[in-house]
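Per-chain numbering from 1; labels A, B and C assigned in written order.
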Amino acid sequence: MDAIFVIEVVGTFVFAMSGIMAAIEGEFDLFGTLILGIVTAVGGGTIRDLLIGATPVSWMSSDLYIYVIISAIPVAFFFFKYLHRLRKTFLLFDTVGIGTFTILGIEKSLALGISPTLSLLMGVVSAVFGGIIRDVLSNHVPLIFRNEIYAFACFAGGLVYLALNYFSQLQESSLFIAISVVISIRLLAIRFNWNIPFKPLSKQ
Amino acid sequence: MDAIFVIEVVGTFVFAMSGIMAAIEGEFDLFGTLILGIVTAVGGGTIRDLLIGATPVSWMSSDLYIYVIISAIPVAFFFFKYLHRLRKTFLLFDTVGIGTFTILGIEKSLALGISPTLSLLMGVVSAVFGGIIRDVLSNHVPLIFRNEIYAFACFAGGLVYLALNYFSQLQESSLFIAISVVISIRLLAIRFNWNIPFKPLSKQ
Amino acid sequence: MDAIFVIEVVGTFVFAMSGIMAAIEGEFDLFGTLILGIVTAVGGGTIRDLLIGATPVSWMSSDLYIYVIISAIPVAFFFFKYLHRLRKTFLLFDTVGIGTFTILGIEKSLALGISPTLSLLMGVVSAVFGGIIRDVLSNHVPLIFRNEIYAFACFAGGLVYLALNYFSQLQESSLFIAISVVISIRLLAIRFNWNIPFKPLSKQ
């Protein structure tokens, strides 16, 4: 599972960076920037762990995650303009990150005896709640609630993963197929501007 | 306890619907709508469970709650206008729901060795924090902080329940009496426009 | 540890009062005022306890904290104007409170096997997250994210505490030295208007 580990670390860094960039745009001070980096990077996994009863939460078990997050701060400090221009490249890393976090969240929940339906939900929560807390702390309605296919891509990838696991034993290839589903849906959604609004019949 | 179970399921549905209606008014997409339905329906019980150390949180132990919540989405989709007009009927269900959640929250906390005072608080938290999280995620100051007798009704009902339990053994009838207190106070409060502002002497 | 206990109780009262004053300014009703008092006073320790897996959270184990918080409400009711004028005196109590909460948070985390780095973070979280939740519930961007040296003072004091503990055995005097560091930095910061903004190079 070495590839997974590398993806997890890179994903943590990219998530932290998204919180740090939001903090810079909100003119937060250094401490606010650190906190926003932390909650964005580990907030989703923390909520998942609290709900499924996995305490202490996972990032407490090793200093690795906090150092990865802290290391994103000087990078943002020196290369902010450059990173801003690199947004599209980031998006790819970010998408690989959310795909991986979704599947790892599902696996961890299943392992603790949570039902497949709720494990799927917990996988998505792992991937998206960091961003939701980031937006609440910056006093915005969470972006993901309005116009992002992001969560739908996670659900679809998670569903594929559960189906593959049900019918086959190849856990590791299931994982890579599922992550590919997340990435494909999200990139297609951005390319073709997909969206899933929710308008009741009587309001349409 | 079959009546209780039915009330719990109906209460979950009504709470979820209140989150879903708020999401529709905030123009959330399908995912945002689902999340707002979930946090409104189970948020209060989740906070209570985390505080009293009952993990995994209660709605993780069965798929029933998540399916009840999901089932509210198509109902909102097809009958939004109709539901909007039915608000007063809803209010009754909602009040029965909060009364029940308050008492069940008190019972669960007492059973885990929490003191009566804190159990009373945990009962109220079970009933009202779902709505508080809903309002924070929609970027409003929680409604209940401003002009709702809602929380006071829960406190009063919970207090009656604790008193009845202290003096008698009739647990089940205590429960129905306490729920009636919650309902009566809330309906009277709405009818006569009761409110409990908090104005310091020097500001009056 | 009697001095510590007194500081903890006074700190809880002062923190609760800061939430109650914010509620009064936001025109909350009595229930909203109570909730804002509670989350401000115990929110930071609650988040810390949830993250490090110490459940039920600490304030659930005794009625003392909730009664201290409730007792702040009549004080605010009768002496609001007076308290408003006393803000500078309050600041001193508040600073002693955050210093103590930081160190106690570090100790509790270390005792549960959390690494020194993460324990330091947990100490700061204990001290500052109550105020962050208070601001989120009043629909503001948390004050501490914008222009407060508060968090930095906690980090510095916590670091001194960890260093002293590493090199000596005098736990109790370490504690008082560390709290003095927190207080000195904060008071100097207010006096000389220190601030630690975070501006990327390319934005400067």
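Note that in this section contacts are C-beta pairs under 8 Å (C-beta built on N, C-alpha and C of every residue); 3 or more make two chains touch, one makes a residue touch a chain.
Only a predicted model underlies this, so the values are computations on that prediction, with no experimental measurement involved.
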{"item": "Copy-to-copy rotation for subunit A and subunit C - C-alpha atoms, rounded to a multiple of 5°", "value": "120"}
{"item": "Homomeric contact subunit A-subunit B: same or different residue positions, threshold half", "value": "different"}
{"item": "Interchain centroid distance [CA atoms averaged], subunit A/subunit B, Å", "value": "30"}
{"item": "Residues of subunit C touching at least two other chains", "value": "50, 55, 136, 139"}
{"item": "Residue ranges of subunit C touching subunit A (in the complex, touch as defined)", "value": "50-53, 55, 112, 114-115, 117-118, 121, 132, 136, 139-142, 144-148, 151-152, 155, 195-203"}
{"item": "Subunit C residues within the subunit B interface of the complex", "value": "23-24, 26-33, 35-36, 38, 46, 50, 55-57, 60, 62-63, 66-67, 73, 76-82, 136-139"}
